[in-house]
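Below you'll find a set of structures to go through.
Next come two complexes built around chain A: one with chain B, the other with chain C.
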Partner chain A sequence: MDELLEILLDIDPDVDYETAEDLIDGKLLNSLSILQLIAEICDHFDIEISPKWMRNENFNSARKIWEMIQAIQEED
Partner chain B sequence: MQITSFSFFLFLIAVLALYYLVPRRFQWGVLLLASLVFSLSQGAKQMIFLGFTALSVYAGARRIQALSDAEKEKRAKTSFSAEEKKGYKQAGKRRRKRVMLLVLLSNLLLLLVFKYLGFFMDQVNLVAGFLTGSPVLGRVSLLAPLGISFYTFQMIGYLVSVYWGNIRAERSFFRLLLFCSFFPQITQGPISEFSDLSGQLFAEHSLKEADFFPGAERLLWGFFKKMVVADALAPCVQDVFANYAQYAAPTVLIGAFLYSVQIYADFSGYMDIMCGLCRMMGIRLTENFTRPYFSKSIAEYWRRWHISLGAWFKRYVYYPVGISRWNRNLGKWAKRRFGQRLGDTIPATVALTVVWLATGLWHGASWAYIIWGLVNGLFIILSLWLEPIYAKGRSFFHVQEHPKIWRLFQVLRTFFLVTLIKVLPEVGSLRDGFGLVGRIFSGPMLVHSLQGLLPFVEWGVLTRILFFLAACLGTLCMLLHSLAQARGWHARHSGRRARFLRVLRCCILAFLILTFGVQNSWGGGGFLYAQF
Partner chain C sequence: MRNVLELLERAAERMPEKRAVGDQDSSFRFLELQQAAKALAGGIGNAGKNQPIGVLADRKIRTVARILGVLYSGNYYVPLDPDLPAEKLRAILEETDMQLLLGPAEAEQSARAAGFQGVYISTLPFGPSLRDLPDVGGDDPLCMVYTSGSTGKPKGIVKSHGAYLDWLEAYCETFHLTENEIIGNQTPFFFDASSKDLYLMLYLGATLEIIPSKNFLFPMDLVDDLNRRQISYLCWVPSALSIVAQLNPFSLVKPRFLRRVFFVGEVMPMKALNTWRRALPELEYVNLYGQSELAGVCCYHVVRGEYEDTACLPIGRPFSNTQVFLLDEQETLIREANRTGELWIASRALALGYFKEPERTARCFLQRDFGAGPVRCFRTGDLAHYNEHGELVFSARADDQIKHMGHRIEPGEIETAANGLEGVVQSACLYDEKKQRIVLFAEAKRSGSEIRRALKEKLSDYMVPGKVILLDKLPLSANGKLDRQSLRRRL
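Right after this comes the complex of A and B.
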C-alpha cells in the first residue's frame, strides 16, 4: 500500500490519498493521470491490468486501487 | 414513424396505457412489443438487421459465458500446478476471445458495409481516376438501417463486457432483444450499458406521481425544443450554409451560432422526449447532456455533450489503447528519450488520436467528418501538451481560476470554438466548411439594416417573423432553463405550489407547441442525429 501511495503522490502531491474516496468522481484523477498510474502500477507490481478493470469504482480511492491490484495478483 | 407526428403521439398513448394496464410482470413484454412495432414501422429491412445483431450477440455472449463457467468449474475441481493453471487459463481466454472477435467483427462488418462501403469505393475510384483516367468500381449507395451505429455500439459494449467478465450473459433472448431494440433509444441513443438499463427494463413499475408528471413535463419540454426552436431555425441555418459566400461576416457568424442552437435543441430535445417518456414508465435513461455550452474547454464540452458516446469510446477504445503494453512501452521510450512530461503524455496522445479518428468516422463516412474528428482531437491533445505553459502563463499574469469574469470568458471562447468546428462538416463539402469559417473572419463586417443582418428571415411574411421570434425566445428559455438547473432553482418549490407550477408550465408548453411547433414540424422534421 505504501508503494502505491508513493506512486499516487508522484502523480499529484496535493491530494490526500489516505482519506480521499472520490478520486474519479471528484476529478482528482483524470483520464491522463489514470494512464500514468496504470503504467506505474504495471511496472512496480509486475502485473498486467486488462481493460476490464477500468471502471470508475476501482479508482475512486487508494484503498480501492490497492484491492484491485491484489485481485489481479490473485487472478494471475 | 416520425417522432414529431400524430401517429407517434397515438403510439405513445397506447404504449403508456398498455404498460400500466397489463399485470406488472408483463410490462417488459409491452416494451418489447412496442419496440418491435416501432422498428417494423421503419421497414422490414430494419427488423432483419436488428434481428441479426441481437441473435448473433446473444449466441456469442451465451457461448462466452458457457466457456467461462466450464473453465471455472474445471479449475475448482482439478488440482493444477501453477504452470498448468496458467496454461489452462490462457487457452480458455483464447477460446473466448475467438468467439468474441467473430461476433464483434461480423457486426462491425455490417456497419462498415452500410456506412462506409460507398465512401471506400469513392476513394478507390478517386485514386484509379488519378492513375488511369477512369474509375474502376461502380457507385454504391446503401441506405443504412435506422440507428445502426447506436444499437451496434450498444450491443458490442454488452458483448465485450460479458467477455471481460464484468456482467453475466443474459439468459433470455427476448430480454436481450428488448435491450437491443428499446424504441426510445434505438434511433439516437443514449448508448446504454447493460448493467445500467437491464435492471430497470425488466423490473415491475407501478404508476407513481413523482415519476409520471415530471416525465410528462420533460417530454413536452423536449417537443418544444425540437418543434418550436430547432425546426424553426433549420431553414435559416440552411439559407446561411447555402449562401455564405454572399453574406456579410456578422450574418455568417449568426448563422453558425444558430446552427449550434439548432443541433443542441434538436438532439437534446430528442433526449428530453425519450428520457421524459421513460421516466413516465419509471425508467431512468442514461443522460446524454449536462449543459454542454457552459463548458470551459473543448475537452470538458465533450464530457458534457453526447455523454454516452464519449463514455463508450473511453471504456472500449481509449483505455484499451491507452493501457496496452505497446503503448506503455512507447511511453517508456519517450520518457527515456525526451523526459518525464512527454513520456507521460504520449500514450494518452496516441489513444486520443485513435478515439477522435473513430469518433469522426462514427459520425459520417466522409473526409469532412474525419477532419472534424481530428480537429476536435487536435484541440484536446494541444491543451494536454500545453497545460504546463498555460499554468506558467496564468501564474505570470496573475490570472485566478475562479473569478466569474474569467469563467465567462472561458465559456464564451469554448462556445465560439465549438461552433466553428461544428459547422465544418455540415455546410456541404469540407471546402465549403472552411470557406464558411473563413468568411466569418474575412467577409465584410458592416451591415446597414436588420434585414441585411438577418436576410434568412422572410421579412415580408408576418407569420415567419413570429415563428423566428418564437424560436429566439425559445432559445432564451433554454438558456434560462440551463441556468436554473445549474443553480438548483427548479427544486426550491414543493407540495401543492410545485404541482400547480408544473401544470402551468405544461399548459404553456402545450400551447406553444400547438401554436408554433405543429406548423414547423408536424409529420416531418427528422432529427439531425438520426443520420449518424
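Right after this comes the complex of A and C.
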C-alpha cells in the first residue's frame, strides 16, 4: 500500500489519499493522470490491468486501487 | 451561404424532428435547437454587433444553444472553461471588456469572483422565435478561442463565419460525409477542436452526441456508450484514443456502429493506432493536421497499409481549399524529399488574426507570392519534410511549444506564472515525453507541492506541471543562457 501511495503522491501530492473516497467522482484524478497511474502501477507491480478492472468503483480510493492490484496479483 | 446560422436554418427546415445534439441527460431536435438559440438571442437583446460574448462551456446541450444564441444575436462567442482559474478568467475579461456572459448557474459565482460585473445569463428561455437572421457575412467574426501565449498572456484567435464554411465544404467533399453520421464529441466546447464537431453537425444535418468525460477513463463504459448512441464518427485527440488502446477493451466489447476514426491535435502514437486497427480493421482511420489559427484542419492522411509501431504517420496532403508551402530559412520552397523546412499555410479558412494584437497578426499572417500570385499565409512554426511518396511528415516544433494531451502549451506561459510566485527565483519548464508530463525545474524557497498548488490558481488544469523539481541553481550554458539540454538529462 505504501508503494501505491508513493505513486499517487507523485501524480498529485496535494490529495489526501489516505481518506479520499471520490478520486474519480470528485475529479481528483482526471484523464491526464489516470493513464499515468495505470502505467506506473503496471510497471511497478509488474501486472497487467485487463479491461474488466477498468471500472469507476475500482479507482475511487487508494484502498480500492490497492484491493484491485491484490486481486490481479492473485489471478496471475 | 453567408454565415453558419444558415446551416441551422436549413437543417431545422428540412428535418425539424431529427435529433441534433444529445448529452447524457437530454437532447435537442433541430427545430428545438433553433428555437432555443433564437430565444436566447432575444434575451441577449441589444448587445451590439460583432462584440465578443463569453460562453462558459460545460458538456451539456445547453452550451450548444448558448453558442448559437450568441451568433443569432449578431455577435461572436468566446468559449471559456467554467473551471478556469480566477486569475486567468480575470485577464481575459479585462482584455475583452466583455459585459455579457452566458453559462450554467453554478459557474456564475466563480465569474463574479474573477471580477465580472456585467450581465450573466444562465437560464435558457423557451418561446417563439424572436429574431430573424442577423446581418452577418462571411468576413464577420464567429468565435474567438484562447490559446497559450509564450509571454504568459493567452492569445485570442478570431475566426470568421466564412472560414468555417470554406473548411466544411472541403472537408465533407473529401470524406463523403452524410447526414447519417452520428458524431461522438470528445473535446470540451471551450477547446478549439470541438468546433469541428459542432459545425459538422450543422453542415450535414447530422447528430452530435456529447460523451461524458468520465467515460474516457473507463473504455468499457465508453464503448457501451458509443454503441448505445450508435456513434459512427469520431474526431478525437490521439491521447483519448491512446487511453482506449492502452486499456484495450476490444476483446470484450467492440463499437458496433463506428465507421470512421479521425484524430487531430498531436502526433498519434503508432502503437496505439495499430491496436485500434488490429481490433477494428474495417474502419477508416485518418490523421488530420491543423492549427488554431485556421478553421477546422488543413491536411489529412488516410491510413492505409501496414506501419511499424515505431513508424511516423504522415500528415499527408492539403484539403482542396488549402495550399501548404514547405520553406527553408530563406523562404525558398522545398520540393525534394527528406529535407526539413517550416510549414506555411495559405487558405480561405485562415483566422482573421489575433485579438487586439495587430503587430503579432502582421508577423504571423503574411502576404507572399510563391509563383501563383499573392496569397495570405500563416507561418505555423511546425517543421516538416516530404517523404518519398510526396506526403508531408511532421518533424518537430521550431520553438519550445509543447503538445500535451492534445493541448498546445507555451512553456513560457507556465514559467511566467511560476516566476511570478512568491519565493520562486527562476524556473524552467520541460516536457517529459516518456512519462507524458510537464516538469518544472525551479530555484525556489518553497516546496514543489506549494508551487504546484499556487500554480493551480493561475493556470488551466492541463498546464499545471505534473512534477516540480527544486534545484539550488538552474544550469547555464557557456553563453549564460539557461541550459535546457542539461535539464533534459535530469528528466
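Convention: the second predicted complex is superposed on the first by the 76 of 76 C-alpha atoms of A that agree within 3 Å, B and C clash if a C-alpha of one lies under 4 Å from a C-alpha of the other, contacts with A are read in each partner's own complex, and residues count from 1 in each chain.
One rule holds in what follows: contacts are C-beta pairs under 8 Å (C-beta built on N, C-alpha and C of every residue); 3 or more make two chains touch, one makes a residue touch a chain.
Please read all numbers here as calculations on a predicted model, not as lab measurements.
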| item | value |
| --- | --- |
| Which of chain B and chain C A:Ile38 touches, first, second, both or neither | both |
| First (chain B), second (chain C), both or neither touched by A:Phe59 | second |
| Which of chain B and chain C A:Pro51 touches, first, second, both or neither | both |
| Partner chain(s) touched by A:Pro13 [first = chain B, second = chain C, both, neither] | second |
| Touched chain A residues, chain B compared with chain C | C |
| Which superposed partner A:Glu21 touches (first chain B, second chain C, both, neither) | neither |
| Common interface positions of chain A, toward chain B and toward chain C | 31-32, 34-36, 38-39, 49, 51-52, 54-55 |
| Chain C contact footprint on chain A (complex, rising order) | 10-14, 24, 29-36, 38-39, 49, 51-52, 54-56, 59 |
| Residue numbers on chain C that touch chain A, as the complex places them | 213-214, 216-221, 239-240, 242-243, 246-249, 251-253, 405, 435-437, 448-449, 452-453, 456, 461-462, 466-467 |
| Of chain A, residues touching chain B in the complex | 31-32, 34-36, 38-39, 42, 48-52, 54-55, 76 |
| Chain B - residues contacting chain A, complex | 86, 164-166, 314-316, 318-320, 322-323, 325, 328, 331-332, 344-345, 347-348, 351, 384 |
